[in-house]
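Working notes, beginning with the structure itself.
The letters A, B, C and D name the chains in turn, as written, and every chain counts its residues from 1.
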Amino acid sequence: MSAIAATATSSGEAVQFWILGTVAVIGALATILMKKAVHSALSLAGTMIILAVFYLANGAYFLGVVQVIVYTGAIMMLFLFVVMLVGVTAADSLKETIKGQRWLALLCGLGFGILLFAGIGHAGLGHFNGLGRINSAGHVEGLAQLIFTKYVFAFEITGALLITAAVGAMVLTHRERTERAATQRELAERRVREGVQLPPLPAPGVYARHNAVDVPGLLPDGTPSELTVSGTLRSRGQIRDVSGEALDDLKALEQRSAERLGREEASK
Amino acid sequence: MNPVNYLYLAALLFTIGATGVLIRKNAIVLFMCVELMLNACNLAFVAFSRMHGNLDGQIIAFFTMVVAAAEVVVGLAIIVSLFRTRHSASVDDASLMKL
Amino acid sequence: MDFPLLTVTAAVPAVGAILTAAVPAARRTAAKWLALLFSLATLALAVLIAVRFEPGGDRYQLTESRSWIADFGVRYELGVDGIGVVLIGLTALLIPFVIAAGWHDADPLETSSKRWRPTQGFFALILMVEAMVIISFEATDVFLFYIFFEAMLIPMYFLIGGFGDRAHAGSDENAAAQRSYAAVKFLLYNLVGGLIMLAAVIGLYVVAGNFSLQEITAARAAGTLDMATNTERLLFLGFFFAFAVKAPLWPLHTWLPNAMGESTAPVAVLITAVVDKVGTFAMLRFCLGLFPDASKWATPVILVLALISIVYGALVAVGQRDIKRLVAYASISHFGFIILGIFAMTSQGQSGATLYMVNHGLSTAALMLVAGFLISRRGSRLIADYGGVQKVAPVLAGTFLIGGLATLSLPGLAPFVSEFLVLVGTFARYPVVGIIATIGIVLAALYTLVLYQRTMTGPVKEEVRTMPDLRLREVLVVAPLIALLIGLGVYPKVLTDIVNPAVEHTMSDVKQTDPKPEVAVEAKNGEEAK
Amino acid sequence: MENLIALLIAAPLFGAVVLLCGGRRLDKTGHWIGTLLAAVSFGIGVVLFADMLGRSADERTLTQNLYTWIPVEGFQADMAFQLDQLSMTFVLLISGVGTLIHVYSIGYMEHDERRRRFFGYLNLFVAAMLLLVLADNYLLLYFGWEGVGLASYLLIGFWQHKPSAATAAKKAFLVNRVGDMGLSIAIMLMFTTFGTFAFTPVFGAVGETSEGMLTAIGLMLLLAACGKSAQVPLQSWLGDAMEGPTPVSALIHAATMVTAGVYLIVRSAAVFNAAPDAQLVVTVVGAVTLLFGAIVGCAKDDIKKALAGSTMSQIGYMILAAGLGPIGYVFAIMHLVTHGFFKAGLFLGAGSVMHGMNDEVDMRKYGALRTYMPVTFVTFGLGYLAIIGFPGLSGFFSKDMIIEAAFAKGGTEGWILGGVTLLGAGITAFYMTRVMLLTFFGEKRWQPDADGHEPHPHESPKSMTIPMVILAFGSVFAGAFFEIGERFLKWLEPVTGYSHGNPPVSAMTVTAATMVMLLVGVGIAWAMYGRRPVPVVAPRGSLLTRAARRDLYQDDFNHVVLVRGGEHLTRSLVYVDHSLVDGVVNGTAASVGGLSGRLRKLQNGYARSYAVSMFGGTAILIAATLLMRAV
């Protein structure tokens, strides 16, 4: 506790800083450089946990815990959930499509970083008061006192913000059915009218060796019908094409039948 | 070690996050980079809190987290609905601002 | 301040514009008559202004003053001096002719849809322009003036771009492209001028603290408002640039031939005879009144530019193949004379310039409207497509000739008086300039007579053989203009009596007196009592 | 009485307005209205003349101030008239000859469907010309000056369907405009010098300004006179002006309008008297034109153009006389009046000949007409005798006085000018004899016209011959009438002044020399055209003849230098306007457009691209802030 108040930190904290700091930077770099979103998310989660540790080291115990629970626990999971929803395997092409974008971005980033460093260095922040005196009356109590007195309006407003965000997320993702669902008869009539696909869609696995959801049904000519596979799988590109196999099987079947029939003919 | 180093670290992380926003095309990763920047800011706030010897910095960091949570919720909802309509999470596909 | 005569005079055409625009599509003729009626009502009001104006009285009369934007000292201030009265009269006088001459110019083509209402729009826009021009002549608040000076561009833009001359060379698409080019060019030139002026208007506010022309002029004259020399010059240039574009002065003139060539003849008259006059009028009222020292400073350059305008405009006019463009370049030459007269800084020059504005309006209107009648008959603007019209349509040719003679300032027709006054006024102070400007009268004869010879005389061309002579409506349009040209040429006193006192005020603004003759001659006999 | 002055002008003006605006319903009566109103003007002129004779010499000037025409601070032009002896002379000449020619035109223009309009123009001319001579100030004179120019333009181009007529009309107006420039500059000079341009005050103040200024004014007035009176170098329009109907040539381009220049110089006598340099130039111009016109007149085969050359030459005499100063003013005017008679008569005679010859103008296709047109022959012959200065006829007196006056100028100048006038008299005799011989003597050389019609020469109707007879009467007796008892001199002297000069030789000697020159001229002409048959097609001729046929190449010079040069100038200016002046603007527009096209590419629609800009901008802002702090 007392070390926090000093200008220099304890050597333990220093060691912790240099090691974990390095890891955090590596995590951050991995976040922006990994091809797959899942990897990025995991790297970010790592960085966040390290940050939580730093919060603790800086005397922000409450924040440290919240960081782990809320950020790493909830928010990052939300990210992962969305990543899964969108397609976990779809690797993000790192190929740049906008001319000069990457170089400009790096240049800007570098310049910005240098500026920040220069600013911090220039500010001449040497003396740290430490939180010893403040935290002495109880850390969480201290926070609570501030939140419910000085920052009470901000706090209330953030509450409203959260509710709004929740409602907003629901509104954005929810699709209200605005009309009566079409009956089977109507669907059938529409098919006839449009003349695209007269019979009902083949069930998954029809004419197939596999009976899995990711295997498309085969049309009478043996080509796979992608319509028979769930849209999510389709967009993830996770359709297993078995038509070749099926055709081979069919051919083999015909061969066998022919052989048998031939034999029967021969036996006549 | 001088605790100022935390600030340097925060600056570094912020810069990395910002650069990430600029070079990644996947909206989700992009969002993660924004989160990284927010976290870097939080670290700075916490360090400032220690520097000044009061809890205001931590309160601000706390608010930042709350706002970040709200933002993530809305942002991800947008990404999901975008994905539904465009079947892609790439921000470059939404170049609708072009004349 | 009893009856707000000036406001009403400007408001009547504006109301007329709105009402005309609201006439249903099918009642086309009603819209025309409505527009004509309102323009005549405006003319009556303008006459009333002239009657109630006392030439010997205050400088600005019939004044109105209301607070408008108090925070910036912008007031709704109106007032007319003799120059304003005369120009309001000109505007109000010409608009009925413009409307009558353009009676069929905006009739919808048979192919266009029934709900299309170009006629209503055309006449409403003309009235709108009239309202704005009139209020520009009345405004004594710089900001108020600026607003209408600029707002005028909007209806003019649509008049040029939307209602082109149906007689054109080439395809419809080509003509439409030409027309929109002309309209955009008009708009851009004038907008650039206007923006520079806006900067100067703001600058003036910063320096003077208000926008009132009367107050600033008075303060300038009394010496209570000092401007740094450079500030004054910059502000002057800002104002002058806008007016020089509008006037137009060489080398800012090239929008005029396009605009006049592509628009219908009545709109061309509107541009050159009415709208452009705001530019020269404003030079006289604002440039000289607000920035007397800078005006004197800039005089040499402006005189040279005006001289170039005179000679150059006339020479280029000679080389034109398009009737309307020829008239446009002739107008550029004439605007050179007007500007010359204004900046000669003599009472003869300035009186002459003011008269010139009126007379040029009348003469160009006569010439251009007859040219429009001619063009509408043959469907071509090219001089080479005509020949021998005199034999087929003598009245048309006769009126055309009179319009042309007015353009070349034949004595007995009004423009002579003004042109000679300008020349004398210029000569009195700058003899060399005066002599060079005199070349303009030879060149004017050249382009007018060449035009007349090529179109009206010679063997009758096959396409012209069946050309009808002027119809009653057209005669009714041209005859009063010619009568006015002759009347004002023989008895210009009606105008000079109103204009002279105002010119004296302007002369005292710039602290200039006429050069004294070398030998003072005793006034001859007792006729001097005027 | 002075209130009648305005009526002089108003009558023909009224006629012009009525005839030109009256429309078709006046077609039947129009020419009578026109003639009547011209006659009314003449009548008023006679009444005023009688009244003027009744008063003593120094009370003869009448003035009438109608109203102030142009009142501007420091500048006043009055609509005011002044009728003195000089003006009176002109009024009578203009309205008198004018009326005669109106009468003549009734017959001459009988078959023209636009006769009413013709009379309207004629009336307009008479009104403008009267205004010119009655004005009491230079600006009003300028009004009339341009007014006659307009009438001349309209009448030369009366047969506008002929491109040559339209071109000639335009040319006449333009060349005159150059002269008018001189007049307007002269007025401006007067205004800046004297503050006024009314005759009386200007002439009164002449002594108070420098001679240089007066010389400038004089030269500018001379330029004006050159334009109107077809003097070198502005003479080129007169020959072409013969495209107009013959009565027009007679009235405007022989008797009245072209003499306006002489009037102007004599009217401005006070200015010229005080500016000897200007006077010298005037005499030189007169002398040059005298010879120029005479030489041109010798070579032309077109009867009207030959007469036009003669007109030029005779006006040269007048200008020369006017340039001599007080010695010559009176004689200039006297010659002007007699010339008005005989030249109008000659033109009317020429018109009569053309009338009978299917409008043929080439003298080489005339011949032997004296028996077919006796009246024309006699009147034309009398005019001929008058112009060559046959003793006793009017030309003899007036021209002789000018020659004497030229010698009386004194010094070398006097000898040179006298010599030129003598030479001119000889050439006049030559070319007029040539005209006479080609037209009325020799054998028939008639040719069928373009449509194949043989000409059937016949005497013209009464309406045409009567004016010719009256004019012939004038050409015979006017000179003697003026000269006996020096009536004309006494009449005009109060206005123009007179000095006898110092003639180095006696008047008798001069007269004798003139007679010799006359005989030589007639003799040569007889030798060339009388004795031998005349070829119908003109021979190539000597260098001088060819040059004279082409107006001594002056027109070619004008064409090459002024017309072609002007065309090139305008064409290149049109190009400049389009490419350079407009090009700069369009170029600016194009470059702005191009630049924005480039800049637009930055707006590629990718959010990330915008983010880079934002980020970079932020960085720059921070840097700027830090720098500002640091500084």
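Everything below uses one rule, namely that contacts are C-beta pairs under 8 Å (C-beta built on N, C-alpha and C of every residue); 3 or more make two chains touch, one makes a residue touch a chain.
As the structure is a prediction and not an experimental result, all values here were calculated from the model.
Taking the CA centroid of chain B as reference, the farthest chain centroid is that of D. In terms of their C-alpha centroids, the spacing between chain B and chain C amounts to 64 Å.
The mean-CA centres of chain A and chain D are about 102 angstrom from one another, to the nearest whole unit.
A straight line joining the Cα centres of chain A and chain B is 15 Å long.
As a whole-number value, the distance joining the C-alpha centres of chain B and chain D reads 96 Å.
Residue positions 18, 22-23, 25, 92 of chain B each touch two or more of the other chains. Within chain A, the positions touching two or more other chains are listed as 98, 101, 104-105, 108-109, 112. The residues of chain D that reach two or more other chains are 604, 606, 608, 612, 615, listed in rising order. Which chains touch which is summed up as A-B, A-D, B-D, C-D.
Those residues of chain D that touch chain C in the shared complex are 20, 63, 65, 67-76, 78-80, 117, 139, 142-143, 145-147, 150, 153, 157, 160-163, 165-167, 169-170, 173-174, 177-178, 180-181, 184-185, 187-189, 191-196, 198, 200-202, 204-205, 208-209, 213, 566-567, 569-571, 573-574, 577, 581-582, 584-585, 589.
If you check the complex, the residues on chain D that touch chain A are 604, 606, 608-609, 612, 615-616, 618-619, 622-623, 626, 630. On the chain A side of its complex with chain D, the touching residues are 98, 101, 104-105, 107-109, 111-112, 115, 118-119, 122.
Within the complex, the chain B residues that touch chain D are 18, 21-23, 25, 91-92, 94-99.
Across the complex, chain C meets chain D through its residues 188-189, 250-251, 253-254, 312, 315-316, 318-320, 347-348, 351-352, 388, 390-391, 394, 398, 405, 410-412, 416-417, 420-421, 423-424, 427-428, 431, 434-435, 438-439, 441-442, 445-446, 449-450, 452-453, 456-460, 490-493, 496-497, 500, 503-504, 514-522, 524-525, 527-528, 530.
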